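By letter and in written order, the chains are A, B, C and D; residue numbering begins at 1 in each of them.
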Amino acid sequence: MTVTTTPLRVTVWGENRHEKLEEHVAKIYPEGMHTTIAQGIEENLGGAVALRTATLDDPEHGLTDEVLAATDVLTWWGHAAHGEVSDEVVARVHRHVLSGMGLVVLHSGHWSKIFVKLMGTSCTLRWRSERDRELVWTVDPTHPIAEGVPHPLIIDQQEMYGEFFDIPTPDELVFVSSFSGGEVFRSGCTFRRGHGKIFYFSPGDQDFPVYHHKDVRKVIANGVRWARADRLDRRMPELLRYETGEFSKGGAYQGPLR
Amino acid sequence: MTVTTTPLRVTVWGENRHEKLEEHVAKIYPEGMHTTIAQGIEENLGGAVALRTATLDDPEHGLTDEVLAATDVLTWWGHAAHGEVSDEVVARVHRHVLSGMGLVVLHSGHWSKIFVKLMGTSCTLRWRSERDRELVWTVDPTHPIAEGVPHPLIIDQQEMYGEFFDIPTPDELVFVSSFSGGEVFRSGCTFRRGHGKIFYFSPGDQDFPVYHHKDVRKVIANGVRWARADRLDRRMPELLRYETGEFSKGGAYQGPLR
Amino acid sequence: MTVTTTPLRVTVWGENRHEKLEEHVAKIYPEGMHTTIAQGIEENLGGAVALRTATLDDPEHGLTDEVLAATDVLTWWGHAAHGEVSDEVVARVHRHVLSGMGLVVLHSGHWSKIFVKLMGTSCTLRWRSERDRELVWTVDPTHPIAEGVPHPLIIDQQEMYGEFFDIPTPDELVFVSSFSGGEVFRSGCTFRRGHGKIFYFSPGDQDFPVYHHKDVRKVIANGVRWARADRLDRRMPELLRYETGEFSKGGAYQGPLR
Amino acid sequence: MTVTTTPLRVTVWGENRHEKLEEHVAKIYPEGMHTTIAQGIEENLGGAVALRTATLDDPEHGLTDEVLAATDVLTWWGHAAHGEVSDEVVARVHRHVLSGMGLVVLHSGHWSKIFVKLMGTSCTLRWRSERDRELVWTVDPTHPIAEGVPHPLIIDQQEMYGEFFDIPTPDELVFVSSFSGGEVFRSGCTFRRGHGKIFYFSPGDQDFPVYHHKDVRKVIANGVRWARADRLDRRMPELLRYETGEFSKGGAYQGPLR
């Protein structure tokens, strides 16, 4: 049978600094990491998705209220310039996530202002960039994000991320990675915040062609599709007062003192 | 057999504004809510605990780095003046929690800057202050915080807090409350953040003598005892680089660009 | 845009004893509870679903290996005759769930052999059948099972189920109910077992017309749709030996002694 | 200050077959694995613990109702003869766990009847016995079981256990292991079942001297101490009927039909 659904609107956000500053990165990602990531999503979701990209140096980092209101899922990759993302834009993205916009955070995005704000922890970890082989293992085979993903997913050369990864306990742990050096990392984690769904996926350093990897692109596409909210309205959770017996209509907060 | 343990050092923080501004609150809590809460902890933990109190209007809100370094568990009640807590003190408390200081957040503290920062969500809820009867039910009888707590714990008059409570999924759900009006609320929740343990317990409005309630005092004492870290050293999670094969000694972060 | 998907094949299993033994139940459910439940699913999922029903008194309780292999999601309602379900059929259903068949367990099904086997606990609770009003509140608004469900869902007359509900901590807690008497209950819970997904939903006693309730039918339909596995192959988790460096092909277990 | 506590009564159960059938195992564990494990617990908990051991070939496998009633925490190691444990004893142990007895399951005990019964899944995994080096990493540094455990805990020679480990999602994930071959495993997991607490810890094959390892012994001792229930009474969860307004005294179940 056939089902009609509206296109999944995805905004792929990339810092786009390494590509301009480091030649070896520009060679791997000539159109920018964000473009490569967007292509991976399109490859997997086809006509079901409507893509746009945005970068740090765009006005308002390309993330105006208008853009966010028209975004079902935002993906985020940043590394060298987390501090340059304006607090105002971060607050805006945060509001949209709590209101129902999905968020997929990639690799060094673990230290982005928006991810740290949503987690409430330091989001630190151990690391090493020495071409470890990473094996991404599925620990929840029933999860939609694991669909069609090999067990293990093999990445020949990657930056090592190791525990203790200072995040809150994930709502769902989908993937755990090992590295040739012996470290492990909770590499695929989901979180709910307000009405929004968040997926963090660690593989993907600027020094390696990870976002060209067929299976990594599959995971990101799965994550983007999963992160879309079911509800059509974009609405922040609100503090409302309800009379006894009244369950539907709440009244706005008048303040703490009588 | 006997075991020797060092005293559990607790700092009970209270806003202490309602007690000064509203006569009916001053009647219920003549020495301030914070003093009543501290007495409840002492009643239950006796000589095992070393208590101090601190309030909003103390210099640095009574929460200097020195005080926090000497605090195993901080309890927090605030309501009318969350905005007056300085961001600098909030950041300091946040660092200490991530480093291993326990935190017990009470009632309207759900909207305190520190709790909101640790949660990453709006922490809103539904509410009504009309003398509902609250029944606090235990949904995890194996949890140390539930030890010696009646099932249900009955509070004759309370402010109603109702779902949807916009917090991240608790690591552990210990209590769920019902109110005479029919609302429910996840009233006893634990969270881990960094090296710190957090317990949120909702009963306790300034308009009602809830902190004099024998069983509520028992829960708070249990929560305080549970929230104490096992580790003796107070240490923030750190982002460190580890050479291949080196698992103990990490090196400090040199920055994102080569 | 349009998407083609294969029909969701659902088997609705009902004990069908109360309907035959108790007149007041036959009046509420003249075609049997299982038929009413199936109609509710069809109403909500339409042509996307292919339904069949099966009852206790059918040969092999209507759950042959053939039927189960052709079932994406099985729903279960039982009460008076849990003990009459054959252990062989229970083992067969268990294998199918671990292999990827979804399971939706309703109301008194909490004490069915299959649910108890999957949970590993006693699955007991407190109860009372005195026409309490039940309010089903959503505590995870991002969950697909909560989609289109009113907050709260109101059931005028219901059997009370109360905590402590002896189940393992749910993987996801979607709904929490309150009853006029003051009790609370974790009424909407999901679990993963092997490759299968399980949804337990408590409303629905034989003495009340709950399965005719528009919103209850909506929840059950959402649950059925959610419980369907993504993987197409029905496959039990297996204990396999893998040579060093071989990640795809495992060898069968040869026994514990050399 | 000093605190008086009653001794923690631990029963260490071992199959004790490999030690009798395989010479290389007898060399590593001349007094039996169970004795070695018990010594490790005593080393770490000292006079705070009262230990006994029991083996498969004892009458009733050494697990009479009397022994279990006097056991706060039972540890379990089995491998070659899971099938020889009588169903009657398994049911008895299961009742005691649901009533509050702690359980620590080690290594191949993942396939013991009692663990499989409590989990409800197949409990299968991938494996290889080729002297992999295992690194046990702590992913929850706030957990009491992680106290005093090195990060990582290094075991030079071990049997590899790899994902997908078919268990329910652990209530708490404390440790994750990597193996030289690249596999990962959720090696330290806690579960609640009824009033009982369960800790599963995977390191420890009969072919390697793992239970002589100082840090492995530390983890087991931590696990045993954690698994002890707070409640003094041993009591199964029960299905009881409560009149409206009566919260303390429930009545026994009279059966499903009026």
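Here is the rule we go by: a contact is a pair of C-beta atoms (placed from the backbone, for glycine too) under 8 Å apart; a residue touches a chain by one contact, two chains touch by 3 or more.
A quick map from chain label to UniProt name: A, B, C, D = ThuA domain-containing protein.
Only a predicted model underlies this, so the values are computations on that prediction, with no experimental measurement involved.
Engineer: Among the chains here, which has the CA centroid at the largest distance from chain C's centroid?
Structural biologist: Following the centroid criterion, the farthest chain would be B.
Engineer: If more than half of the interface residue numbers appear on both sides, call it same; otherwise different. Which is it for chain C and chain D?
Structural biologist: same
Engineer: For the two copies chain B and chain C, what rotation in degrees overlays their C-alpha atoms? Round to the nearest 5.
Structural biologist: 180
Engineer: Any idea how many Å lie between the Cα centroids of chain A and chain D?
Structural biologist: 37
Engineer: In whole angstrom, what separates the CA-based centres of chain B and chain D?
Structural biologist: So the centroids are 32 Å from each other.
Engineer: On chain A, where are the residues touching two or more other chains?
Structural biologist: Touching at least two other chains: 135, 140-141, 151-152, 162, 164, 169, 171-172, 180, 182-183, 192, 247.
Engineer: Hey, which residues of chain C end up touching chain B in the complex?
Structural biologist: Listed in rising order, the residues of chain C that touch chain B are 133, 135, 137-141, 151-152, 162-165, 169, 172-173, 176-180, 182-184, 186.
Engineer: Quick one: which bits of chain C touch chain A in the complex? Just the residue numbers, please.
Structural biologist: Chain C residues touching chain A: 1-7, 47-48, 135, 140-142, 144, 147, 151-152, 154, 171-172, 192, 195-197, 229-231, 247.
Engineer: Where on chain D does chain C make contact in their complex?
Structural biologist: 18, 21-22, 79-80, 98, 108, 111, 117-122, 124-128, 130, 132, 160, 162, 164, 166, 168-169, 171, 180-183, 191-194, 236-245, 247, 250, 256-258
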